[in-house]
């Protein structure tokens, strides 16, 4: 019997260890698995390497994970945003490492990690500081830089619908990095708005096949990062059991 | 105004030149754009390099294109099938060149061609004759072979639905190489069962975005290769205008 | 294995060891619940029908489907829904379609648990040759075999223990062009089950009525006996085969 | 460009050349019917509203949408539907969503026709610097800029001709860290339109009332005058701007 449904976000993140590499989905708040991230803050795993396009905003979600001192290194393309309070300060004081990667190279390195490709060549970043120290190679008169794949111990992503096999669909541009990250991790944990019956998702419209998914947690009414930020919320302060479990249906 | 609909298969293939490299969709008959291939036989372009998983069956479609002497070289993973009559004879008599590529490496080389990646590394074929002459490289204790991307002047593919922007959906396993090939060619010609209105295809379910498509030809009732083979048909013999235009709706 | 004995001009054909169906059945015991499995053409295809009840297994076919079902009935038949052997199939509830790029990312990226394939030759190091005899006149054709052996976590081989002419297929070193190096995990033949280990080929189970020596004689590499070697009683298994 | 004149302690602020809106408008004339276009944050975003009527243009946003529409009304707003600047947008009929891997395959694979970006510096060779001043204390952030300039067929830059303090931004060589080498095709400033050619920077159009010499004085590289250099009469264009 294949049933990837897990009772709670806490159960889902329980096996994350100190020093693990995590991919966390989302482009800004779109696709950010905020309930899973908050469960990881409760869990407390430290010295993490986190791969995400950004570094979160305000003092909730990814930003709160960083503020809580759990992240040793960020691999991302755009570590500052309008509401980015936490990362800049830690970075300037040398308390967090940063590997800056062009956004498309980041996506392709993740895709390569999931596709069994240890390295590939791209024109992106040739002649810029981000190509320094990397192998250059000429193909048919053009220079390319060699980029290595990225893999993770866990991916934490957010989806719209799932069935018990772990087949996923996403909502609009919240799809972003999730399908690639789901492929590149040993364990992919998914918070999903709705778990449906097998066969409810048309096989033609499955975006992430279940083979890439390890655990599903239904969170029917996920919190919205921008609203929490707007309301000046922070995590773990907002961690009353009631609030966090809102919308989490036990299965 | 963006309207990629073209009146006929003949118009669509008109700009294919002698010596061009073509990608032709399909895994066996599933996804094979047989009406476009027959139009290419009528067109007569010669000395073509054709990329397809197979070499066709019987004496119709891709096999007929080869039999008609238009193909100088095949790049494929599996050039023989139960009904493969044409290719083996030509190959044994040295009249056609063959580049044999593992199926997944073929798919990834095409994907790389469309994604701006000139080369990548894979474990597939290491230690086998198909890795001979290719660069080997060790990453973290494992050997990988470097594979180059594939690009084409034209891709000829078959889809289920399209809108005038060229957004495509496919039918079941007929999807196979088509989405990758659509990305890897300068010109992608699509025979499609049904052209629908903009907005009829849910943006979440578009498999090939229109940006990868150059021409759409509606062929509402495409011929089925296996039936033609079973009936002992051959092309161009079956080329009565009536038969070929069956199901082709003029737009 | 078919043994032909000539006596007074009367040929007696005796089947010794497991039949094709029994080989598939034996292999199927090792397909775990919840596995993602790719089955090659031929005997490997038969494995699906023998997976023990109560195990849910998802079948992948590299042309672009996860959740392959049974053969279609006449009215379910769609020439656009086929497997890697180009035969019509169906899709189960919970299936998904994808393109070749994604399908082989699944394979190459180590996501498929088990692949069951046929073999021409297997070496004691786990090298596999199953795509070409190297014959200059043959049309070379590889399909997805090299991708599967390079990328799938566990490779099971189902093969007759020797060729039709009685030559060993399990060898110190393959003589045919390789499909992959050090890729095979376990071999199911008509005579036995062999694990490929870092110490060499370890015989873990014998078909009914077959002895270690009988197998070794027909193998072109040294076999080691597993401490836990299972010997199946002849009568027991022939009963099973009839049931 | 804002000119500040001091006379008897009275500051007179005069706008010379094109406004931000007019720069976007000028650039929009060069977006062809049927183009696939990616617009950067800031002035480039404004280009969409000035594309001449009758041209159908499809907007790509690298976070995963082709067919981006206008800003949403309050009830259309979905925090899951945003552009690369993380602002809410809509999707047109005929749009498609895709993941980052596919979105940047679209970019890197030369499928997008035009990208319009801002600049800190542009060199006469078409090098672009628009992501970092190299300041050690700054948080470096690059986003998709390097992918876009490496992969999109045509790169248009919209920028003020000089910095706020009057320093040249168009230079023999960039001093800031590069976003890409030899990537810029055309530059739209408040003073003029410049093509980056293999022979150097060719001035093809002047804003109303601006002379070649005026532009050259504010440019850190040699400008060449196009044979077909367009000089816009001051009164004509100010009328245009009011219409």
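To keep things simple, chains are lettered A, B, C and D as they appear, and every chain counts its residues starting from 1.
Keep this in mind: contacts are C-beta pairs under 8 Å (C-beta built on N, C-alpha and C of every residue); 3 or more make two chains touch, one makes a residue touch a chain.
Please read all numbers here as calculations on a predicted model, not as lab measurements.
Asker: Touching both subunit A and subunit C: give me those chains, sorted by label.
Answerer: Chains in contact with subunit A as well as subunit C: B.
Asker: Following contacts chain by chain, what is the lowest number of steps it takes to reach subunit C starting at subunit B?
Answerer: Counted as steps through touching chains, the separation is 1.
Asker: I want to compare two interfaces, B-D and A-D. Which one has more contacting C-beta pairs?
Answerer: Between A-D and B-D, contacts are more numerous in A-D.
Asker: Which chain lies the greatest distance away from subunit D when centres are computed from Cα atoms alone?
Answerer: C
Asker: Taking the mean of the C-alpha atoms as each chain's centre, how many Å separate subunit A from subunit B?
Answerer: Measuring from centre to centre gives 36 Å for this pair.
Asker: Give, as an integer number of Å, the spacing between the C-alpha centres of subunit D and subunit C.
Answerer: Taking the mean C-alpha position of each chain, the two centres sit 60 Å apart.
Asker: For subunit B versus subunit D, what separation do you get between their C-alpha means, in angstrom?
Answerer: Here the centre of subunit D sits 39 Å away from the centre of subunit B.
Asker: Quick one: report the Å distance separating subunit A from subunit D, using the average Cα coordinate of each chain.
Answerer: 32
Asker: Counting only residues that touch at least 2 other chains, which ones in subunit D make the list?
Answerer: 65, 91, 97-98, 104-105, 107-108, 150-151
Asker: At which residue positions does subunit A touch at least two other chains?
Answerer: If we look for residues of subunit A contacting two or more partner chains, we find 108, 111, 115-117, 122-123, 170, 172, 203-204, 207.
Asker: Considering only which chains touch which, label the overall pattern as line, ring, star, complete or other.
Answerer: It is other, because the touches fit no line, ring, star or complete pattern.
Asker: Any two chains that touch count here, so list every such pair.
Answerer: Applying the touch rule to all chain pairs gives A-B, A-C, A-D, B-C, B-D.
Asker: Could you pull out which subunit B residues touch subunit A in their complex?
Answerer: Going by the criterion above, the answer is residues 108, 112, 115-123, 137, 139-140, 142, 144, 148, 169-170, 172, 202-205, 207.
Asker: Please give the residue numbers of subunit A that touch subunit C in the complex, ascending.
Answerer: Residues 1-2, 111, 113-117, 163-165, 167, 183, 197-199, 203-204, 206, 209-212.
Asker: Quick one: in the complex, what on subunit A touches subunit D?
Answerer: Its residues touching subunit D are 27-31, 77-82, 87-88, 91-92, 98, 100-108, 110-111, 122-130, 170-180, 207, 224, 226.
Asker: Name, in rising order, each residue of subunit D that touches subunit A in their complex.
Answerer: These residues of subunit D touch subunit A: 61-65, 78-82, 86, 91, 97-101, 103-105, 107-108, 127, 132, 137, 139-147, 150-151, 177-181.
Asker: Sort out for me which residues of subunit D touch subunit B in the complex.
Answerer: Those residues of subunit D that touch subunit B are 33-34, 36, 54, 56, 58, 60, 65-67, 91, 93-98, 104-112, 150-151.
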